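Input: structures, listed below.
Shared between the two complexes below is chain A, which has chain B as its partner in the first and chain C in the second.
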Partner chain A sequence: MTYKRDPGLPFQQLEEETIVVDPRTREVHLLNETAARVWDLLASSCSLDDLTETLAEEYDAPPEALRAGVEELLGGLREKGLLVDAAGAA
Partner chain B sequence: MDPALRESAPRMDSAPRCQDDAILTAPGEHAVVSELQSMAYERMIPLNVSLELTLKCNIRCLHCYNFDRDTDGPACGSGEVTTAAPELSLEEIFRVMDELRAAGTLFLSLTGGEVLSSPHLFPVLDRARDLNLAVQMLSNGTLLRPGVAARLASYRNLLGVSISVYGATPEVHDAITQIRGSWRRTLEGAERLRAQGVAVRLKLIVMRPNVHEVGAMRALCDARGFPYLLDLTVTARHDGTQGSLAMRITEAELEGLYHGPLSDLIPSGRRAVDEAAFPCNCARGNAAISARGDVFPCVSVPWAAGNVRQQPFGEIWRSSPVFERIRGLKIADYPACAPCPDKAFCSRDRGAAYNASGSYTGTDPFVCAAAGVARAVADARAGEDARPVEDERRRSAPDVQLPLAVAAAR
Partner chain C sequence: MKSSGLAPTEKATLSLSIGGIVGHLEIEGAQAVFLEQVRTRYGAFVLPTTSFGAADFHLRLALDPIAAPGSSASKRLAETEAHPLKVTARGRTIAAERWDFRARLQGRSAPRSVRNGGVSYRGEGRCEASPFALDCLLRVVYATLLPRVGGMLIHGCGLRHAAIGVIFPGVSGAGKSTLARKAPDADDVLSDEIVAVRRLDDGWRVFGTPFWGDFARGGISMRSWPLRTVAFLNQAREVAMTPITSSDATLRLLGCFLAFTTDLASVERSLAVAVQLCAEVRSVEASLTRTAPTATVFRKLAPHLGPEVTRAVPPANARELISEFRALLRKQRSYAFKPKGTAGGWLKSGESLAVQSPGVGGPLAPGDVVLAWVPGPTPDEDALACRRLPPAGARDGALAGELLGRVTLVSRAGKTLPLPGRVGDLARSFGPLVAIPMLRMAGR
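Up next is the complex of A and B:
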């Protein structure tokens, strides 16, 4: 399974954090540094393995913990409707 | 990754203490947005930028702050505003939008003139969508024909539209706009846009010709189900002319409003004033760009820090002497405000102060008077509240910060 961020959502990086605005739900989300990096990677379709592998190269953290964190984040992003499927549909 | 993703409450705020940028703000603090605005303020990131697409307008409001609409255009300047230059081209606007994105802007407010009279509006909305900018618009609503409303609704990055209303009746509103039928078209446009699913807020500007209708204007919004914002401040024009001030309500009328149809919006009790954060979001989290490219600290303060035709926005934002001066201000630099006993009730409207006094740290007597009246009302209420019989309506009133520009939520 691959994931991609919804390209229609307004967002901005403020130094380490990223803000994502969802005008449909009128919610604003603040992503911390690591989550912001995942959001950045999700500009293209990525699998959980792809994301974990990239983060493992960039962060000094156990791969298992990274994978669990990414999986949890993806679940949250998907639940909030901030991702589209690999074909681009919301 | 803790906490990686924080949820916000379902309400959108914008810059604190700046009603022109906070076009979708409703009362109440929104934790995430407040935090973002604080981050922008502390880190000096231009999170909120107003972009004036055009000075052209299809109505001729007597109180317009741009220029005297009974003339062909701004004939003179205040010394800080570019008047003898063409408006920014679409190519120039695109370049500026790219610069804004790079500088950290997220919330882009499109204003005018009348934005819907600009041929650039839809290309700009396309560009904003492609740049992942969240857009808010200010409009008089009269040009919101069915096709236009539907087209606007197709922009997923459009947070909403603020539409100005100047009366509860067509006679009063149309006399201010000097266009017969404008009240009807404005409200029809607002309804049409809302029906398309776009968030609409009405902005009620209170002036001498409509001051007797304030209660009716609020009732109109309630009856039609529109959230609204009340603004009582009419300022001198950005072209340096003063004719708009004839529309400003008198202090006696202001007092009547605060004791009458607006009394439920005056906050009870005295608010603490954070003296370290006395300066507002101007030039810290907010900026504005005029139709001719001047960069201002906010939309209501025509103090040019530079012009995007001469310098990139980011360079102006980072190193303009005007912005550096504003950022360095402390409460002690506001000589009339620092010792003022009413500052806890003051809107601290820098636009009004600048346009009235010519100084960013000056004052506008109307704003000062308003703070005094608000304090008197709040003090009187504090005495009443000590009585055993409580007024439930007052207790449930929105808790608002600004006595001169009060937001009311449904």
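Up next is the complex of A and C:
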């Protein structure tokens, strides 16, 4: 399964974090540095494996150490309605 | 806007400047008592009537009578529930409707005289002849337009402190009105409910508004103050100020941001404004007790206000200056000001004018020298003009603008020259006067 950030959500990058606003729910989400990087990568369709591999390279860490965390983050973003799947359905 | 009785007037006009945004209202079908309520509520923000070309928005409103109390309570309740506030913004089209009003504004490229984003809005609507309905409609319009020019309305208490402004955002019950009530001088309260902030050439400024809460009064003038600190309210057992990061501040600010539209473009705009404000203005969490005196609050806040809190910062433009002059004159009933530097060919450095509020010292009479506020096409071009009152019945247009007061004295070369009198002839050569630093005498 591949994911992409919801293109209908306004966001602003701060120095390290990113703020995402969901006008439908009037909720504001503050993404920390790592989550902000994932949000950045999710500008285009990515699978869990793609994200894990990219972050492993950037953070110089073994993929297996990151995978669970990335999966949890994706689950959280999806649960909050901030992602769409590659087919475009939320 | 003067009329009497309960018969509807044909048409009344009202120009408001809130947060630097000028709106012209054409109100049709209003009774004099309603117009008086409106003028009282928005008086500090009312501009002298001017041509419609200089406004950021023009709104023609037809008033509907209020439903008779009691007779249709259930129907009214049903209407209220069936038609809650709905605001949409699509491009330059803004529409707002509620059970007691509806309006639609369409933006178009503005003439050169309108600076605010290069767009002027025009539209019409209907509104119940209720101050509450009109107030809500105005909040919607200003909350929607301000982000388009880099500003916003914030749910917060605004206070002037020395020569700067501080805003205390907070949700209902956070203590905004309590803070306002404790201010030693009520004139320092910019609003206990909603303040306007906006980035101008010299940085962020906070404006008072007529949108108040339990404190039941808002800012006394259109004047803005440099915004030094955003202090998010938090009720606590001890007074403390804790700096917070700009990202935390942005999150909190978005929770106190008056926004009625949820379309992508509007939210993007608002988010950008909030992020910029919080990146450029320091923010703290203001833990306050209900009984903490204002002096204590500002003593604790002092390290977070930055340097030169008392350094006089001139008003952003002539309009703000004259508006505050009007407020001070109304309050003190007489006022002397001394422009610094030359202000036209007739009043020079060291000279001063004394002005009385209308009604002080007897009614105005032909021959009196009066000071009038003459609005220009832009806020920078507003002017004070001295004129001689023409003989009764004469209509020579000498009183264009709003009459602010009667000039009683000119202090010149060590002599005090009373007016009117022979010196009053000087008025003929007074011409427009814009005296930027004149409010220094009032310590503001």
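Details
Note that in this section the second predicted complex is superposed on the first by the 89 of 90 C-alpha atoms of A that agree within 3 Å, B and C clash if a C-alpha of one lies under 4 Å from a C-alpha of the other, contacts with A are read in each partner's own complex, and residues count from 1 in each chain.
As a convention for this text, a residue touches a chain if its C-beta (ideal position, glycine included) is under 8 Å from a C-beta of that chain, and two chains touch if they have at least 3 such contacts.
Quick caveat, the model's predicted, so the values are computed rather than measured.
After overlaying the two complexes on the shared chain, residue contacts for A:A43 are found with neither chain B nor chain C. In the superposed model, A:F11 lies in contact with both chain B and chain C. With both complexes placed on chain A, chain A has more residues touched by B than by the other of chain B and chain C. In the superposition on chain A, contact of A:I19 is made with both chain B and chain C.
Applying the stated contact rule after C-alpha superposition, one finds that A:L77 touches chain B and leaves chain C untouched.
With both structures placed on the common chain, the touch criterion links A:G69 to chain B but leaves chain C unconnected.
By the document's definition of touching, both partners, chain B and chain C, reach A:L30. According to the touch criterion, the shared surface of chain A, contacted by chain B in one complex and chain C in the other, consists of residues 8, 10-12, 14, 17, 19, 21, 23-24, 26, 28, 30. Taken in their complex, chain A has these residues touching chain B: 7-15, 17, 19, 21, 23-32, 34-35, 69-70, 72-73, 76-77, 80. In the complex of the two chains, the chain A residues touching chain C come out as 8, 10-12, 14, 17, 19, 21, 23-24, 26, 28, 30. Only residues 246-248, 250-251, 254-255, 262-264, 267-268, 271-272, 275, 279 of chain C touch chain A when the two sit together in their complex.
Across the complex, chain B meets chain A through its residues 1-12, 30, 32-33, 35-36, 39-40, 43, 45, 47, 101, 104-106, 129, 132-135, 156-159, 199.
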